[in-house]
Every structure is written in structure tokens, then in C-alpha cells.
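Several structures are given next for inspection.
Two complexes come next, and they have one chain in common, chain A, joined by chain B in the first and chain C in the second.
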Partner chain A sequence: MDIEKRGTVTIIRTDERLDAIVAPQFKDTVKKMAEESALHLVVDLAKTRFIDSSGCGALVASIRALLKNGGEMKIARPSAQAKTLFELTRLHRVFEIFDDLDQAVNSFSS
Partner chain B sequence: MDDELAVKIEVPAELKLLRPLNLFVRGLMEQAPALAASEKLLDDMELVFNEAFMNVHDHAYRFGAKGRLSVEIILRQDRLEFRFEDEGESFDPNLIPPPDPDETGERGRGVWLMRQFMDQFIYRSDTNGKNLLRLIKNLPVPGR
Partner chain C sequence: MGRSKIMVVEDHPVSRKMLEAMLRRNYDVVCASSGQEAVQLAKATRPDLVLLDIEMPGMDGFETVEALRVGGVIDLAVPVIFLTAREDSASKEQGLEAGAVDYITKPYDKHELSIKVKNHLALYEARKEIDAKNRIMEREMEMASQLQKSLLPASFPADDRLEFAVVYKPVSEAGGDFYDLIQFPNSWLAFAQVDVSGHGVASAMIGAMFKMVFHSVTRNDCTPSLVLAALNEELFSVLPDSDFLTLFYGTIHPDSLDFVFSNAGHPRPFLYRSRDGAIEELSAGGPLLGAFPGMVYDEGRTRLNAGDRILVFTDGIPEACKPGNEGEPYSLERLKRIFHEHVHLPPAENLQRIMLDLEEFAGETVFEDDVTMLLISVR
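Showing the complex of A and B:
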């Protein structure tokens, strides 16, 4: 997982797997950042070929923490596996999802 | 592949084994032509295996007991079956509701996902304290 700042937007790039092994670390990192400021966050899933329900849970916990603190979260470049998972768990109705990273970064209102 | 390939292993239900087991099972599944031919099907079945393992880890042994888990993978040309047997807490899969987008809880999606991807989801607890989960997927056979 690595973190990049692009203007007022923070991008988190997840690794090959977003599963139960790394979900707690992901969740804690976002929660900490969310509590520091109203964060505009893009989770870039381009490198992630496998997400499980724990990974989904970590994304849900993250968006909840961000919204609670006046932030926003977008998801960029999910794999076909991730898209299927979001649809089956109805999370595609919770997350704003972009196939293009720049579009996700530029989608924040201010 | 031969008519049937069956592998049974007994492991502690520990998180550190999740990825090595996923890798092993994915390699095994590639022996079946229907699975080898479809990256999507392999991904789906890897996810199901992953969720079933985590279900035992998170729920059956949720009080921190280092429980044993028996995992059996039975592979035929036309069928894949996972059998997970544990001695932890049992649960009633019928009480788990489908995901609700307005209810953004962190947990409770694993059983739903297993049910979505598999043709059969059979769970039973016996009086000796053993829980058995059977997950069965019918595979498309080329030329049939």
C-alpha cells in the first residue's frame, strides 16, 4: 500500500490483495487520516487482483470514517473481480466508482 | 486429469495460513480443464475458499481458540467441492440476511458471497460438536 498526495486529494494505492491480512492496516490508516482532516480520498485498486469480504469491510469502514469527519471517498480502477464483488454485495450503490484515476481525482466538488 | 482428484489437509485455523492455502487451492483447481480455461471461475472459487476459511477463523473460533480445521478439496471434470470441518461454534447460515446497501456494516458478506457463487451450500452441525460445510460447484464440461 502506498500513499500519494495530488493537490487536495490523497490517493491510496492498494497492493495485489486486499484481504483479511491487510484489511485492518488499511482501515486504521484511513481512519487516522480521516480524523486529522476532512480528507478527499481516492482508493486506487489498479494493482489489486483479489478483494475479499474483509477488504470490502475495510472500504466500508473507511468511507464511514471519512463521511463522519466531513471527507469523501472514491474508488478508482477496480478489477473485474472487484466489480463483481461490489455488485453482489450491493456496495456499488455505496461507493462512487471510476474506471479512470484522473476522473476520480477530479471528481471532488472543491 | 484423472476422474477425481481429492486432497484432504488438516491445518490450524490461523490467519497466516490464508494466503498459502489460497495459492495451493488455486493451483489444484487449475488441474480441472473448466477451471483452467476461465480466470473468472478460478477467481470466484478462490474467493469462496477464502471466505469459507475466514468464516471458520472469525466465527467458529471467534473466542481466540486455536482450533483445527479439516479442509477437503474434491475435484472432478464436472464438479468442484470444498468441505470444511471444524469443532468450533456453530452458526445458522439461514439467519444471515442479504447485504443491504443502507446498512453499511463491516461484516456479514462472506456467507452471502459463498451462496452466490456456489450451486450448493450445505451446512450441518452434529451432536459431537463438529460442523461441516460443503460447497459444491457444477463445472461446465467442454464438448458436452
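Showing the complex of A and C:
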């Protein structure tokens, strides 16, 4: 997992797997950042080949932490597996998902 | 905390007196001059730390430590420090293997002795504290487990057309999976399977919250789309930030066999159709419950026939892994295949076969997630 700042937008790149093992760390990292400021966050899933229900749960907890603190979260470049999972769990209705990273970064209102 | 009690076991009177004098200022000291006497004295005085000479007539130090430990005379956590004149590493190793935590070589260095005693006593105290906390946690876990069991329906409704079977294996004493059944006065029968994020005490409490909300929401109406939307609002207002749950909710009319359902982010249950042997996936619904306000839930509607079966399961099954997380998880495909292979067996046996296959797949792996399956079959 690594973190990049691009202007006012923060990008988190997740590793190959977003599963029960790494989900707590991801969740805690985002929560901490969310509480510091109204965060514009892009979760870049380009490297992530596998997400399980814990990973999904971590994304849900993250977006909730952000919304609560006046932030916003976008998801960029999900794999086919991730897209299917978001559709199965209907999270695509809640997440804003982009196939292009720049589009995701530029999508924040201000 | 009172003064710690140290037992000195040393056959040589001068050494014994010297040790006692060194320790007396900070600790309560009791002395034994032989192994046999040490065992009796330990029974009577319950020391917090033992200083034990290796070379003694009669029982030597190694035999004494065994007699103390094996008989349960002193707790395994009580530190034993060997006193030895020997510089050879073999007897030191033997001592440590016999369960000593440390050794001190003669002639005693007062400073070394006092530091070692102090450190091992501190470790022992810390360990006692952890043990006490663990006992509290175990007790809480057990209460959560009892709470959780009380949430599960004690029996399934007896019905001429519908038969229920369940497999329920929480990962810890208190898991995050639940199921529930409600019989409505208008004879509709509702069932729900829930997966709360996480396990343990918190999940059991969220399960209890869910059950209350579920029963109050379904009091007036059992329509799935309405029930789920209402549940979502209620849960969103009461659940902590990072918690949520997935749910499959189905209602069946036992006469007409009309089946209406809605799925809130739960793995899609399998509907086996006896007429053509096909398996359908029950997807109609919406997002998981309790995380986002204002969600809308679709409803699926169909009619069941004799021989049809609905398998509702939690994600712990398709996501179960092989030892060491090697290779791909169990997968929906395999679950579907094994379910289908044994779909002609009685419901409970149908589930058992799936469990056997899952256990064979997972081998020695301890399941990381709760495993729950609910099977509804139409006679």
C-alpha cells in the first residue's frame, strides 16, 4: 500500500490483495487520515487482483469515515473481479467508480 | 500489592543464610534445606519465585523442580531460578529445559541476584495480570456466545410442504452469522440469514440489535423490499461507524408456494429447480445494511415447486482457503457443483456433503470466517 498526494487529492494504491489480512490496516490508515481533514481520496485498485468481503468491508468503513468528516472517496481502476464483487454486493450504487485514474482525481467538485 | 514471597532451597546452611539475608529486605523469604522439604513448604506457603540449588543430597534440583511442577505444587508460571556452582553449560541447559527460567552461578553476585529476582518477579506479575484479563475476556466471550445462541431460533416451524436444515459453525465462540425465522399470522413464513462484519463480542451485540430491529420492523409488514429499507434506516442510526451487515431475506407462502425475497449485499443464494435441474441465483435486492442511508431494495418474486431447494450461505464458504492461503479459495462454482451433486439427498444430508467437501478442501486450515448454510426444501 502506498500513498501519493496530487494537489488536494490523496491517492492510496492498494497491493495485490485487499483481503482479511490487510483490510484492518487499510481501514485504520484511511480513518486516521479522514479524521485529520476533509479528505479527497482516490483508492487506486490498479494493482489489486483480488478483493474479498473483508476488503469490501474496509472500503465501506473508509467511505463512511470520509463522509462523516466531510470528505469524499472515489474508486479507480478496479479489476474485473472487483467490479463483479461491487455489482454483486450492489456497492456500485454507493461507490463512484472510474476506469481512469486522472478522471477519478479530477472528479472532485472543487 | 503485598510483598512477594520467595522460597530458597539450599542444603548448605551458610549459603542459605546469606541468600535469606540478601533478599529479606525486599521480600518475604522462606527456606528449605532439601527437595523434600521444599515440596512441603511450597504447598504450605505458595511462593511467587523459587531459588533452587542443583546439587543437593537426596532429591537434586532437577528432581525437585519436577516434583514441584508435576504435582501442581507451584503454578507453571511461578519462576524457578537455579543456583549452580557448575560453570558447565550442559547442566545450565538441562536446568533451563527442566523448566527453570534462569540460573545464577556461585559465588553469588549480590547485584546480579537482586536484578534477576526482580525481573522474573515482574514478569510473573505481568503474566498473572494477563491471565486474569484473559479469564475476564473468556467470560465475556462465553456470555456473548450464550447471547448469540439465544438469538437463534430453537426449532424450525413444522410445515407440510417446507423443510428446513441448517449448518452453523462460528469461527470463535461468538461469530458474526445469524439466521432467524418468523411465522406471520397471515401464514407467510419469513427467513433471514445475516452476516455481521467481524466476530466476537461486538458482533454478538450487533446481532442482538439486529434481532430486535428485525422483529419490530416485520411486526406490521413482511414485504421484503420494505423490510430491508426499514432495517437499513434503523441499523444505520444505531450501528457504530465501521459496522454493517449483509442479509438475505425470503418469504414463502406455504400453500401457494409464492416466494418473495430481497438480498442486501449477501452472497446470492442458489435456487435449485427440480423441473429442469438448473440452479438460479437470487440477486434482486440492494446494498448491505446499516452503512448508507436512503438505500432502495428490489424484490424478486417466483413460485416454488415440489423438489425445489434454496441454499442460503455466508461468504465464509466460497472464501474458505487452503492451508497457508495457497491457491484459489473454495469458490462459488465448487459450492454450486457440490450442492447440485447431492441435491437428491435429504436436506440435512445435502448440507453435510457440502460441509465434508469444504473440510476436505480446507484441510487443517482453521476457518477464518463463520460458516453458515440454510437450506429450505419443498416437499
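Operating definition for what follows: the second predicted complex is superposed on the first by the 110 of 110 C-alpha atoms of A that agree within 3 Å, B and C clash if a C-alpha of one lies under 4 Å from a C-alpha of the other, contacts with A are read in each partner's own complex, and residues count from 1 in each chain.
Simple rule for what comes next: contacts are C-beta pairs under 8 Å (C-beta built on N, C-alpha and C of every residue); 3 or more make two chains touch, one makes a residue touch a chain.
Source: prediction; values computed, not measured.
Novice: Should chain B and chain C be called a clash or a fit once both complexes are overlaid on chain A?
Specialist: Clash: chain B and chain C overlap once superposed on chain A.
Novice: Once chain A of both complexes is superposed, is A:I12 in touch with chain B (first), chain C (second), both, or neither?
Specialist: Neither: A:I12 stays clear of chain B and chain C.
Novice: Could you tell me if A:A80 is touching chain B, chain C, both of them or neither one (first, second, both, neither)?
Specialist: After superposing on A, A:A80 lies in contact with chain B but is clear of chain C.
Novice: By the touch definition at the top of the document, which applies to A:A20: first (chain B), second (chain C), both, or neither?
Specialist: both
Novice: Once chain A of both complexes is superposed, is A:K68 in touch with chain B (first), chain C (second), both, or neither?
Specialist: After superposition on chain A, A:K68 lies in contact with chain C alone.
Novice: For A:T89, select first, second, both or neither according to whether it touches chain B, chain C, the two together, or no partner.
Specialist: Once the two structures are laid over each other on A, A:T89 reaches both partners.
Novice: Could you tell me if A:A104 is touching chain B, chain C, both of them or neither one (first, second, both, neither)?
Specialist: neither
Novice: Count the residues of chain A touched by chain B and by chain C, then name the partner with the higher count.
Specialist: B
Novice: Does chain B (first) or chain C (second) touch A:L45, or do both, or does neither?
Specialist: The answer is neither, since A:L45 touches no partner chain.
Novice: Based on the A-chain superposition described above, do chain B and chain C contact any of the same residues on chain A, and if so which?
Specialist: In chain A, positions 20, 52-53, 57, 60-61, 64, 88-91, 93-94 sit in both the chain B and chain C interfaces.
Novice: In the complex formed with chain A, which residues of chain B make contact?
Specialist: Within the complex, chain B touches chain A at residues 15, 18-19, 40, 43-44, 46-47, 50-51, 54, 57, 99-101, 104-107, 109-110, 112-113, 116.
Novice: Taking the touch rule as given, give the residues of chain C at its contact with chain A in the complex, in rising order.
Specialist: 195, 197, 241-242, 244, 246, 264-265, 267-268, 283, 285-288, 291-292, 295, 315, 319, 329, 368-369
Novice: In their complex, what parts of chain A are in touch with chain C?
Specialist: Checking each residue of chain A against chain C gives 20, 27, 31, 52-53, 57, 60-61, 64-65, 68, 88-91, 93-94.
Novice: Which residues of chain A touch chain B in the complex?
Specialist: Residues 17, 19-21, 50, 52-54, 56-58, 60-61, 63-64, 80-81, 84-85, 88-91, 93-94 of chain A touch chain B in their complex.
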